[in-house]
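After this come two complexes, each holding chain A, first together with chain B and then together with chain C.
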Partner chain A sequence: MRSIRDAVNQVHFNRFRFWFQLAAFVLFVYGGYLAIDLGSRLPFFSCGYNQEGRAGVCYLLPLQHQLGRPWPMLFTAAGLSILTGLGIFVLWFIFLNKGWCGFVCPLGTLQDWLTALRRGLGIRYAKYSHGQFKQMTKVKYVLLALTLLIPLGIGGGLWSHDLSPPFCLICPARMILPAFTGDFSQFTIDFSSKTAVVMTALGMMVTALFVVGSFVKKRFFCFICPMSALHYLFSKLALFRLKKDGDKCTRCGDCYRVCDLEIKEIADEVGKRDIMTDDCTLCLKCVASCPEEGALKATFAGITIFESTEAGFVRRMNKGHQP
Partner chain B sequence: MNASPTPEVPAFQRSRQARESEITLDHITDDFDGNPAAMQYFYDLFRRVFIQGEALPHEGKLIGTTCIQAPDELIYAVGATPVRLCNGSYHYDQIGADFMPAKSCALVKATLGMLHSATRIPKTARPDLIVNPTTCDQKKKSSAMIEGMGYAVYDLEMPNVKESEEARLYWQRSVRQFAHKLREVTGKKLTRQNLKKAIAKTSRAQAAFRQLHNFRKSSPAVILGKDVFLITNAFFFDDIDRWSDAVEKLNAELTQRQAEGFKAAQRKAPRILFTGSPPVFPNLKLPVLIEEAGGVVVADETCSANRMLYDMTAVDEWLVNDMVDSLADKYLKPCTCPIFARNDDRKRRLLDLVASFEADGVVYQALAGCQVYEMEQKSIAEALNAQGIPMLYVETDYSPDDQGQLSTRIEAFLESIKTRKRKAAA
Partner chain C sequence: MSRLGLYAAALMALLSTTVHCQDSGGTHRAEGGRPTGMAMRGNVLWLADSPPARGDGPPRSGMGGMGGMGGMGGDRSGPPVKRLWLRAGADPQKSGFAREDTEATVDMTLVTPQGKPEGEPLPPAEEGKKNLSFEMPTQGYYRLYHTTRKLQGDTLAIAVAKAEVTNFSHGATEEERSVALTAPRVLEAAPIEIVREKNPGEKLSFQLKSGEEQAFVVLQKGLPLLGARVRFVSHDGWTKEAVSDEQGRVSFQIVRDYFPSWDDFQKRFKATYLVIAEASAAESGRFKDQPYTNVRYQATLGGTYYPSPDDYRSYAWGLGLGFAFLLFCGTAVYLYRRRRVKPFQEVRFDEKH
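Take a look at the complex of A and B:
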């Protein structure tokens, strides 16, 4: 038991995560060809527009459709289906918490690959001030509100159906993920109406921004992702958690150093045990790069599954040693 | 034709300065039983360097540092050798007194005295550059004085607060600036390869230190604090790879000792955490007195030992920019130096060390005139006492005059700890 635990804690974490993400990417982008279907309440961007390859559908797509029904319908049995849908989404979510972002989400994985490409080319990342990012992370809540309210407006007849589903129309996954199965049909601007032109053009722009943004800034899109905002509303229920023992922390900042989302609290907060913030993707890089025994740990239903150790740190950060 | 069979003792070895080191070293080696065999490397090293005055070789340019905040990794990366100039000798303290007001820190005075002297012990070449991080006032003001002695001095700008993001960015810029300066001095540029290798060099030393540090958790102790201070003091000037080899060898010996149930100190010996102004050889007076009186120094929070080697660098992207920023973060964020406005981290570190090393009490050394340590004394004592941990505050300097008085106080402190423990056990 002890040796299993040591093996886990000393794992070459980045390598492990790379292969895990690759497997998840293949599953959710190509799983459809093997007739895998995990339903349409998934808490990450397994894009529904990837009609052939998808192994399940991102919850935001059906949610917006459901909310976009005519108002009277919302108060019938159909309204109830919104609640059951949400319930299934929450059940999926609490299993991995935001770990869906850090380990499974194909759009998250793509960003990591773009980062790896930049790193491989030896190009440095862009630096922004902490203040700028503190502002930007609020955008995700605005986007979430719009993602929920615009469909309601459409259902009430306030706006055209061409606006539906609003978030999907601007989400980079809609264009990028189908492209992985050879479907480039989303790379078009729809000239059928003014609204359609605006939305599809906006979608193009966001996709371009996504590619450029995540090339220069790690996990650029996650800062503004409305799914991430929706996650955070339910994170208290999650089974998979990130814990910190502040007494063991020296505030050396090693965790902050490697954090893709530059979450300062991970290093500086020593009072809270539950350390996951709304930007966090639970990628666990912080745990892997903490040299203090047990200062950071990932737990599942209260059981520690991966924790920081000195030996693990030394092994993982041992890059420049001559053999 | 009177060929003398006994070689003549060189002049330096007969000097009072060498005698000062010899006395300390003799105490360290002769007053204790069961010194680890692997310690011989360090005993010999100090004997050669401080008593025989042997010259220390170096590779590339020689960069003197006056504080642990100067990133060694950058210096190694450009093919230069760092040497820490902080000095612990009473001989140099007296010479340095000419530069500083009477009530100044002995360490700063001794460093100035050493740099001013024609013969510098440890005997290194003349540093091509001296990096002086802008830490406490006395060190800051030393810059101009050292420059006045004809050295090239670089002020490495440090912030006064370390918690804010502004301070972090300021320091990162400052470290990058230092890298440029090093390039100017050595003509060599930082590259991904040389910096990665340099980080590996210090990481290896740090990993060895951490292993040694962890051995001190065992009770009864397998190694004494006086030896550990000697080892970390050797890090100031020794070749880093040889140093790591020697520490790794010692760790192997300690592994064996632990398995055999070896006792370096009595089972009931009071376990002491040492904090405050750094003990720098030959001024290891206080740790040696503690252990001569039957205590054992199980851990420390000083910049001549733990703080210098404990915190390790994490890098996410092994590109030059990220490595340099990572190094900057490592040097600033965990630092518990009292020059910063707040000392919450220092308190937390001390409490954690007390808990994880099962220390019975804390000895706080303040070198007279070292204002920042003197000023933090009260808040540290309060934080410790609130947890029921006794602390002995000792104000001292490099002169040997207060030894008798100090040993009386230390004995009384250790005795009170023993009494507490007996009462707690009853």
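Take a look at the complex of A and C:
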């Protein structure tokens, strides 16, 4: 048992994560061709517009459709489907917590690949100032509120159905993920109404911004992702956790430096045990980069499955070098 | 005679060509080429999901329907209820309510996904209502057959107006959907019927778009009918005729006939098409104690189609805008970074001062 634990803690983490993400990407972008269907309540961007290849559908799509029903319908038995849908989403979510973002989300994986491309080209990455970070982190809550409120307005007849589903229309996953299966139909502007023109044009602009932003800034889109905000509402229920033992932390700052989301609390906070913040994607790079024995750990249902060790740190740092 | 007989058809055109039927080969054959006197100028009966005054066009609230048609009614807490109207006339927009015909007999058969394959009689319409309605408690295809029989001289006219209504919701389980999708869509007892052929890869949320090809199969007692004259009538009344092949198959390209001003354009504009198939046979027998020597068959099937996305979506603008914004963002980032680069400046201290 001890040897298994050592092997896990000393794993070449980046390599493991790369293959895990690749497998998840293939599963959720091409799994539909193998008749895999994991439902329509998935807590990450397995885009529903990828009609042929998807192995499941991101929960934001059905949620917006359900909230867009006529108001009287929301208060009948049909409205219960919203609650059951939310329940299924939460059940999926609590299994991996925000690890869905760090390990499974195809859009997150694409951002990591763009980062790898930039690194390969020798272009330096961008960072936010502390003030910018504080502002950016609020955007996802605003987007989540709009994602929920606009469909309600549509259902109430306040706005056009051409606005539905509002977030999906501007989400880059709608354009990019179907393209991996040869479907480029979303790279269009819809001229059928003024609303449709605005929303599809906005979608194309956000997609362009996504590509440039993710190229220069690690996990650029995750800062503003409304799914990330929705996750955080239920993160207290999750089985998969990131924990920190402040007594063992030397505040060396390694964890902060490797964090794609630039979460400063991971290095500064030594009082709280549950260290996961709303921006965290649970990528566990902080755990892998920590040299202190047991200072950071990932647990599942209270059982430690991966923790920082000095041996693991040294092995990962010496990767590619002869001892 | 049943009160449902009040929905029977008015007069139909007489045929001038003899058509024979042969069952031995598993295919019915309508012979006699393309007789000029066989024009389908009679009063055509068909089932629509909207009454004449209401017309078609802009989308209405509701779920499912005939090939995705809306117009579903009923109490929201109960199963969805579909309403259909029997209309007379071969023009989807101009056809009115079917008139009562006391000389004709009428049978209405409803085939449900979980019911008997041969269907069950549909309860009569409520007093004072002109629509036929039925509940759709389960997922799948519902088919209503409205069959009228009427003697016209020595010819028995049999007209089968059919409607195929889909009821698929997001709440269905995968098993329910697969059962519903693979269920037969043919009524073997039907004297004649038209079946819309599913397109390759067709999904539950299928919508026929203008510009697409759509095939139909004409069946008689469940077997393909060769040589039936089939007419496709578009929403605006454009028509095209074809003759069914050995498989009973005939195919039409759905024309684009929706040309509003751009401000009035609606991408969810629901247009109605009508398919009419006719054939006749030298069959003799008795109907209401009267002899006949010929039988004329007519089948109708209504459906819906929508504007093609190619009419209102532009790749050129989409990709153009995307690349332009990509270029703009990339350039902005480059210039921002370049502006912040501070060139190295050597600072020399003059130790003498």
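Everything that follows uses one rule, which is that the second predicted complex is superposed on the first by the 318 of 323 C-alpha atoms of A that agree within 3 Å, B and C clash if a C-alpha of one lies under 4 Å from a C-alpha of the other, contacts with A are read in each partner's own complex, and residues count from 1 in each chain.
Rule of thumb we're sticking to: contacts are C-beta pairs under 8 Å (C-beta built on N, C-alpha and C of every residue); 3 or more make two chains touch, one makes a residue touch a chain.
This structure is a prediction, so every number in the text was calculated from the model and none was measured.
Partners chain B and chain C, once the complexes are superposed on chain A, both fit on it without clashing.
In the overlay built on the shared chain, the residue A:Gly182 is in contact with neither chain B nor chain C. Angle at chain A between chain B and chain C, computed from CA centres in the superposed arrangement: 170 degrees, to the nearest 10. Contacts of A:Arg119 after superposition: chain B is touched, whereas chain C is not reached. By the touch criterion stated above, A:Met204 is placed in contact with chain C alone, chain B being left untouched. Once the two complexes are overlaid on the shared chain, A:Asp247 sits against chain B while remaining clear of chain C. Of the two partner chains, chain C is the only one touched by A:Asp37; chain B is not.
Legend: residue contacts after superposition of the two complexes on their common chain; A:Gly271 is shown touching neither chain B nor chain C. Our summary of the superposed model lists a minimum C-alpha distance of 8 Å between chain B and chain C.
Chain contact summary for the complex, chain B toward chain A: residues 163, 165, 169, 192-193, 196-201, 203-204, 207, 210, 214, 310-319, 321-322, 325-326, 329-330, 332-334, 345, 348-349, 351-352, 355. Contact residues of chain C toward chain A in the complex are 61, 76-77, 170-171, 174, 203, 265-268, 309, 312-315, 317-319, 321-323, 325-326, 328-330, 333.
The touching residues of chain A, counted against chain C in their complex, run 37, 40, 51, 62, 65, 70, 72-73, 76-78, 81, 126, 161, 175, 184-185, 187-193, 196, 200-201, 204-205, 207-209, 211-213, 216.
Listing the residues of chain A that touch chain B in their complex gives 119, 122, 124-125, 129-131, 247-258, 264, 267-268, 270, 285, 289-291, 310, 313-314, 317-322.
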